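Got a structure for you, written out below as structure tokens; questions coming shortly.
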Amino acid sequence: MSMNQLGIVKRNIVRADKAAVEKLSRFGVATIHEAMGRVGLMKPYMRPIYTGARLCGTAVTILLQPGDNWMMHVAAEQLQPGDVAVAACTADNFDGFFGDLLATSFQARGAKGLVIDAGVRDIDELEKMGFPVFSRAIHAKGTIKATLGSVNIPVVCAGALVNPGDVVIADRDGVVVVPAAIASQVADAAETRESFEGEKRAKFAAGVLGLDMYKMREPLEKAGLKYID
Amino acid sequence: MSMNQLGIVKRNIVRADKAAVEKLSRFGVATIHEAMGRVGLMKPYMRPIYTGARLCGTAVTILLQPGDNWMMHVAAEQLQPGDVAVAACTADNFDGFFGDLLATSFQARGAKGLVIDAGVRDIDELEKMGFPVFSRAIHAKGTIKATLGSVNIPVVCAGALVNPGDVVIADRDGVVVVPAAIASQVADAAETRESFEGEKRAKFAAGVLGLDMYKMREPLEKAGLKYID
Amino acid sequence: MSMNQLGIVKRNIVRADKAAVEKLSRFGVATIHEAMGRVGLMKPYMRPIYTGARLCGTAVTILLQPGDNWMMHVAAEQLQPGDVAVAACTADNFDGFFGDLLATSFQARGAKGLVIDAGVRDIDELEKMGFPVFSRAIHAKGTIKATLGSVNIPVVCAGALVNPGDVVIADRDGVVVVPAAIASQVADAAETRESFEGEKRAKFAAGVLGLDMYKMREPLEKAGLKYID
Amino acid sequence: MSMNQLGIVKRNIVRADKAAVEKLSRFGVATIHEAMGRVGLMKPYMRPIYTGARLCGTAVTILLQPGDNWMMHVAAEQLQPGDVAVAACTADNFDGFFGDLLATSFQARGAKGLVIDAGVRDIDELEKMGFPVFSRAIHAKGTIKATLGSVNIPVVCAGALVNPGDVVIADRDGVVVVPAAIASQVADAAETRESFEGEKRAKFAAGVLGLDMYKMREPLEKAGLKYID
Amino acid sequence: MSMNQLGIVKRNIVRADKAAVEKLSRFGVATIHEAMGRVGLMKPYMRPIYTGARLCGTAVTILLQPGDNWMMHVAAEQLQPGDVAVAACTADNFDGFFGDLLATSFQARGAKGLVIDAGVRDIDELEKMGFPVFSRAIHAKGTIKATLGSVNIPVVCAGALVNPGDVVIADRDGVVVVPAAIASQVADAAETRESFEGEKRAKFAAGVLGLDMYKMREPLEKAGLKYID
Amino acid sequence: MSMNQLGIVKRNIVRADKAAVEKLSRFGVATIHEAMGRVGLMKPYMRPIYTGARLCGTAVTILLQPGDNWMMHVAAEQLQPGDVAVAACTADNFDGFFGDLLATSFQARGAKGLVIDAGVRDIDELEKMGFPVFSRAIHAKGTIKATLGSVNIPVVCAGALVNPGDVVIADRDGVVVVPAAIASQVADAAETRESFEGEKRAKFAAGVLGLDMYKMREPLEKAGLKYID
């Protein structure tokens, strides 16, 4: 292990299995997170920049320096069709590291979108382009190109560890990271989980209570729940 | 008064007068809050989860524990048509305590929506269902069912005291709580207040200044306001 | 210089050149901020109250006291067609200082919108009226009319210095302030900047990398960037 | 119930039993909160303004308006020896509502300290006077005296409901509110709780693990905990 | 007026009158802010990095870029005995822009301390050196030296406009800025204000109520205050 | 790789070299972070709970569930002399997961302290015991023991990835994590770095400017810095 994590671009990364990525793309973030055992979520401050944004793809990770988007351009070259750029920063920073020009470049490379623990700008154009972004902030503030970060090293983005090649799924409920090694397994678990939802929904709609469906009355009583009038 | 506020479900609560609730449903949150003398508002961090969400109903209150939505199922049974579930938590917590399955259950019980000082998920589905939610956060994070809270005890939700049976009104401007005992009185005051608005609006639109309409020039001068060029 | 900055209304202010304002209205906030040398932005917590809000005009500045919107009415009289009201507060305050009645008055005076480092209410009505507001918060909380602030003195609004007569432009990316004295110069620089964007965008769309377009490979190597496999 | 909660001063309030207050003063906030069943705490943003501040007394409640400390003077007259002033505000506000002059007045009335969901100033003097304050902020910002609030009505302070006469205890761990009606009961429960702590502490110090002391190994195994090497 | 505010160092600045600075140094921040008419305060998030920090001096202003402390070194040369360095940043940034080495340099130049709307580090050493700093954050995060900011231009620091040469006073209650042109006037007003405090304090200590001292009973009654039992 | 990260306790972890840990304990957090190339820091919201707290040791990691400190007891058994407990939580949570009893247990095991991305309580006792804690919050709020987390899996704590066995150093400037594999290397680099500081400090104290010591005048001029009068 080298001491220095900055100034590195890893070119060959192992991306998650394509079929697993495709299968994961069918499920929502909440379902996938549950299927993984309730881990892997980014912080709730990560929000879509426009209503309807949604993405699923394999992570190309980027470590940025505050106020500096140089590594975005370095990352562009590493993007392959189906990838999602996932950008962390060495400090809390709300600058607009990304706008419509970079989005055009990323889209030309086949990228599915961007997840960034910082700010972005040109929101109107990004929505028109249909380039989904999940970010911590929207800010017109521009950045410089002076300091090295890294591309495709493990990063912590909005509280979640992301390794290059991991699957990242984002929708209106948030952003979840699925390690590449368990992508198929998680996709299967998500499918199983979702297959039970229809039946449950029908029962709830028919007026069955969760208290009865999940047989909670006895454990609640044991726990000491008291009904008073 | 018992020492323990947890582990209690109160079944018979006195709901605000139906006619008063209906009348209150015609006014906006800002108007009702003014009609009550500028009190009763929840904190401004409570936001609708989708554009167009709006609700008015009688409160069934829920006290949750962090990361635990067991009491949501207990509360479902206490909901009657026209009720709004109002959920507080014993700690600041942004987990997703509520999603489309619980919403289906609540809707089947006739509930008008949810106000929750915590997080929710399945936003797309909730919007499609037309189930209005006002929350502090959107977060895919799931919860467990292990610890007792209470249902229908007085709770502090987003800074406002809510007693079971109180009227809760929420729209794009925020959430307001009207104590059941004064619901009619407040509804009348809101009506009176609103009846003056049309005339004022017409005057403003015609170019009359508030300075003149409200006769502010003299008190401003008395207070020492100086015009310079 | 007088010691007291409160209780003053300046009537004659020098507004930025009309042609410059018109020209600036064609560009986005991000472009204008870049054209000025990356200064002049308000904090990213300033957000449009509805999707599609956008404004450009000359500032009539307002200094408010917490919980008190008296100066809004004083300011109304100073508004001229093409102006934007820019309201700061002597303390962090999220109250709803502004709603549809004041908006009707401001609109009748020809104002283009409001930028306020505090809260507003009646969001639905404001959207229907097409009266754009950029604010720090949405809050139904009403205010009183008891204490003097000032109109048309220099104010710090959301971290940016605004002098009366400055050009204020706001869109989905944020809010930027252009000093009146350099409005034409900035408008020209924005135009120049934007004229290069089409070509860049076309290149990016065609797959050219920023690494090559901006000749970054050499400086990156000099800075020590290492590619590994 | 009257519609208007503002502009009221209740003179005769029922204070918690003196012996119970004295007994509660011997225990820490964490212990008392546990003894009550884990409720009654204010938000953790309430902090002592100096190291070593600590208070215990009966609440005289104050509802303030943003930027206005008029009611502080009204409240002074209602303070009796052993009371703690508990101030809430109708809006989030960080102004300095309280300083050394008011503290001198409160101290002269026999007050034990102040808990305020807003800002205070003159911190150095307050520390020298030994007048403990727990607040949300420290801010030199002064306030006006123009709008009515109330004294000795129920208030929500930092997320906790406080009725006049309730016992309020604050130390380095936070602030807890004990309803007057259960003060003795809670004091007894706190005593019982604390009586077990010495023995536990001794065992822990001797190297006994909580796993064994609380017999957790079996339930952990049942819950599925796996030890790997 | 030049378009570009970055990349400028102004060498000759007009510092506030020395006698006025000395006089202001005798008063607290709260008193000075009141004497100026309740303006001039920085946000309450600006806190001393150690207990007992206090400073008063003439501002040498610094505009920093996020993550870059190059201008600190440029500013050092402009510091004269009695100056206070006042650093703003073009973006919200919590990096540690300043530590014990720069403090040694600033102290050698005769600087009285630092006010910075960002982070600092080496807190232990700074306390040992007796170099007072008021900052937004404490953070070990280092910075680079790559991008130009400015020295001695007007800056907005923590919400307050600071012109080079202005008097900056900071103590446990916060930070206040007194424009150079009115420094003497404000110092006199602060002196007058403070001269009344001793008498008031004595009266309060003797049990006189503010209600009587400030003759508030009548206006309170007029405003509608009601006493109930 | 297993899908489930919860419910695991890893017993045998590889701790960083003892000599390296000892050597690292001699340097401050800022120095170590610089020596590692400006990475490895936790967020600046992590603060010591008392002045003078400082720790250095090998990490035993803990993943907690919101409002639940069961894993703290499980972790106690895994602590060895010289370890530091490092606790992350699956959600943002400010509850008091840790107090003086657990501290007694941890201390009996030889632990050097605790770093926790959540709340703690019993601050007075912890200070008296000399048990250093760095936390996100202080909160009396108690927790339950109902849900499994994990011990000695990689965790993200306050934005930093921590593997079991890594060296964690915390002082008044914050918290830094040194991967076990590079602990010696970083300790050497920190030593080298610190060896230069004395000379620099002497020069600064003698009035030498950073502009000259670091030969910045030329690059500043090249970057376009302009001096005006």
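By letter and in written order, the chains are A, B, C, D, E and F; residue numbering begins at 1 in each of them.
Rule of thumb we're sticking to: a contact is a pair of C-beta atoms (placed from the backbone, for glycine too) under 8 Å apart; a residue touches a chain by one contact, two chains touch by 3 or more.
Treat the numbers as computed from the prediction; the structure is a model and nothing was measured.
Although chain E and chain F share one sequence, what matters here is the overlap of their interface residues, and that overlap falls short of half of the numbers used. Inter-chain spacing, taken between the CA centroids of chain A and chain E, is 42 Å. Mean C-alpha position of chain A lies 32 Å from that of chain B. Residue positions of chain A with contacts to 2 or more other chains are 38, 44, 90, 92, 94, 141, 147.
Taken as a graph of touching chains, this assembly fits none of the simple shapes: it is neither a line, a ring, a star nor a complete graph.
Every pair of chains that touch is listed here: A-B, A-C, A-E, A-F, B-C, B-D, B-F, C-D, C-E, D-E, D-F, E-F.
Of all residues in chain D, those touching chain B in their complex are 1-6, 36-39, 43-44, 90, 92, 154, 156, 159-161, 179, 181-182, 185-186, 189. Those residues of chain A whose C-beta lies close enough to touch chain C in the complex are 7-12, 51, 70, 72-74, 76-77, 94, 96, 99-102, 104-105, 107-109, 119, 121-124, 137-142, 145, 147-148. Chain B contributes residues 65-68, 90-95, 139, 141, 144, 146-147 to its touches with chain F in the complex.
For chain F in complex with chain E, the residues that touch the partner chain are 28-30, 33-34, 38, 41, 44, 47, 171-174, 176, 197, 200-201, 204-211, 214, 216, 220, 223-229.
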